[in-house]
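Letters are used for the chains, namely A, B, C and D, taken in the order the chains are written, and counting of residues starts over at 1 for each.
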Amino acid sequence: MKETADFPDDWSEQPMDPTPDPEPTPAGWLSPGDIAGARAQLPIVYVDAVPVRVDDSGDVVSVGLLLRVNAEGQMTRALVSGRVMYHERIRDALLRHIEKDLGPVALPLIPSSPQPFTVAEYFPTPGITSYHDPRQHAVSLAYVVPVTGDCEPQQHALDLAWLTPEQACDDAVQVEMHGGQGALLRQAMAHVGRLT
Amino acid sequence: MKETADFPDDWSEQPMDPTPDPEPTPAGWLSPGDIAGARAQLPIVYVDAVPVRVDDSGDVVSVGLLLRVNAEGQMTRALVSGRVMYHERIRDALLRHIEKDLGPVALPLIPSSPQPFTVAEYFPTPGITSYHDPRQHAVSLAYVVPVTGDCEPQQHALDLAWLTPEQACDDAVQVEMHGGQGALLRQAMAHVGRLT
Amino acid sequence: MKETADFPDDWSEQPMDPTPDPEPTPAGWLSPGDIAGARAQLPIVYVDAVPVRVDDSGDVVSVGLLLRVNAEGQMTRALVSGRVMYHERIRDALLRHIEKDLGPVALPLIPSSPQPFTVAEYFPTPGITSYHDPRQHAVSLAYVVPVTGDCEPQQHALDLAWLTPEQACDDAVQVEMHGGQGALLRQAMAHVGRLT
Amino acid sequence: MKETADFPDDWSEQPMDPTPDPEPTPAGWLSPGDIAGARAQLPIVYVDAVPVRVDDSGDVVSVGLLLRVNAEGQMTRALVSGRVMYHERIRDALLRHIEKDLGPVALPLIPSSPQPFTVAEYFPTPGITSYHDPRQHAVSLAYVVPVTGDCEPQQHALDLAWLTPEQACDDAVQVEMHGGQGALLRQAMAHVGRLT
């Protein structure tokens, strides 16, 4: 959806992203303050994508994780994640966020079915589900997305690391993922038959 | 989630419901006008439930459809459908809407997995997906939910009719469903292996 | 799995295929007669693949159907379908059957997850499920598989036709599909959100 | 399916079951030797069921595991698992195996959809998939099945233990599960959003 490029996107697209960019608000849109109010009173629609490389039989060979430094100065690993905008289809939001985080020639194979492998419910209160986002209640549709092109970390990411499913599920990696994304990654590996 | 009963619910819970009830707004909440503004700028999280009766082998025997009269005076058939509230889990929203529409002793068997059989994207603009809601952009997680108790139509519904999967997919019934819910019902029947 | 090329495959791979090719039986294998006996007493593992073309957002643009003439001289349309062999993974069976029916450069994108969109239970007795195969009880795992290369009908197929989802679900096409494959195709379209 | 009770069932129903019961072979059936031959040359259709207790919202509260002593005298924990018979529906096989292992009043809620949460491919050769069965190549459709009645271990099981999802995923329990059933159990918990 080309028009989404012009949508105001005053929220961080990334649950864990420490540096939301302010953007101007077009006439007729809610102000950032109003949006912040809505955000405190409505669940927000998100997508989570687990970027993978697959072999000719579709078997997952590796998983792509973004490396970032968060507001506390910690190194963190993250999935591709972001908000679905008004009048944007889920599949277009997936494509947009993958291109935003992995670059314009990542060539993702967006799933033909809208059925996600799970729904991650990020609550502002920890402990209600496996997922937590202190800023909001996000309902995130999660998909495994094979990418076939060249991927380059964009924006605030320092690196994009490709790990085997075994490495990605390892405690050393899991501890660097926040808000439950480690659990979500392991669910994704369970879904593709590669949980170890 | 008991606390959801006290949440403001100034929007119609039902995409096609002609008669949203105004409710008072607690201090600190967005006013109805502000919510209407958010609704025009954010996709809203919904659930759709297809209530079914099953036999001992889990095979679907019948499908429950609500009969209502809409604002134009037409008889319409509808699924159980409604908004997910702030800080409410999907499974609690499903339970709440089923009890709201089918009564307190419907005894639904809420799915143990959050994976929906599909995601229905209701757009305010017709033709972008199979789903349409003139009032909003709703992203609805859809589930088939067996009910085991006594079901009574509540609120504005005139009746709750139990149809066989074949009857439910029939053109005569499909034409009475609006906003794409007929297509959603047929997708549900496809999912349970009963599309005809 | 390269070794599967040498496996005896004395049964028709295709539930509806009228012309099974006899093949020599390696030493130590059950004879065709014994296999026929097993086939009359065991459910057989199958895969069904719905070949599709998708756009950049993963949305299904068209569906590929094989055109064949059956033993009664009727024109029939069929999905890619065939048996899973001993010691063969589901994903390798999918790849093998797609290459067998659509040619070696069809370049299918085999799903990363083994979760099928449905399981089609072909019974030798009609009416127990939506699926029927007079020759056997086949339990078929069904997948939607995007293909990205050049597809050419192979073997006994006269043609490979690419239809829109709407055309594929049309009664005129459905009537040319046998054994319940028309219903399976519509289930596939329901799964990708394109049932009409 | 009542008639399945009379089917010959000369194979162990349970991948890990150390004590298959010999049964007489009706006239016209393959002999045990012939079946053993088929079993060495065909993948066999299985079902795996993860029995769970759920709360009113469908959230999994506990998981039922069977405790058995295997041929080597080890204590093992197992899921409900067994073969699908000729002319038996998946849903009837699920019901039969759950009643066989958990007793006649377990009152399982068989899923309305045939879509499994995964397909476990048990290979006679270890390491090809996460699953291993030295006796055969089994293709097993796996389902999470809530049970609502009284469950009693049957046959060779010493006990039926109800564990929390956290306990069931713990290494101490996982090490007592064989053939990959520990991984399958964790996949099931991932599917219901309870992997830890």
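The criterion applied here is as follows: a contact is a pair of C-beta atoms (placed from the backbone, for glycine too) under 8 Å apart; a residue touches a chain by one contact, two chains touch by 3 or more.
On a predicted model such as this, the values are computed, not experimentally measured, just so you know.
Annotation of subunit B and subunit C: jointly contacted by A, D, touch as defined at the top.
Here subunit A and subunit D face each other with the same set of residues for the most part; over half of the interface numbers are shared between them. Subunit A and subunit D have Cα centroids lying 35 Å from one another.
With centres defined as mean CA coordinates, subunit B is found 28 Å away from subunit A.
Residues of subunit D in contact with at least two other chains: 89, 113-115, 117-118, 129, 191, 193. Taken pairwise by the contact criterion, the protein chains are fully connected, each one touching every other.
By the touch rule above, subunit D contacts subunit B in their complex via residues 52, 54, 56-60, 89, 91-92, 94-95, 109-115, 117, 144, 146, 191-193.
Subunit A meets subunit D in the complex at residues 118, 129-130, 183, 186-187, 190-191, 193-196. Contact residues on subunit C toward subunit D in their complex (touch as defined above): 29-30, 34-35, 37-38, 40-45, 84-90, 113-119, 121, 123-125, 128-129, 137, 139, 141.
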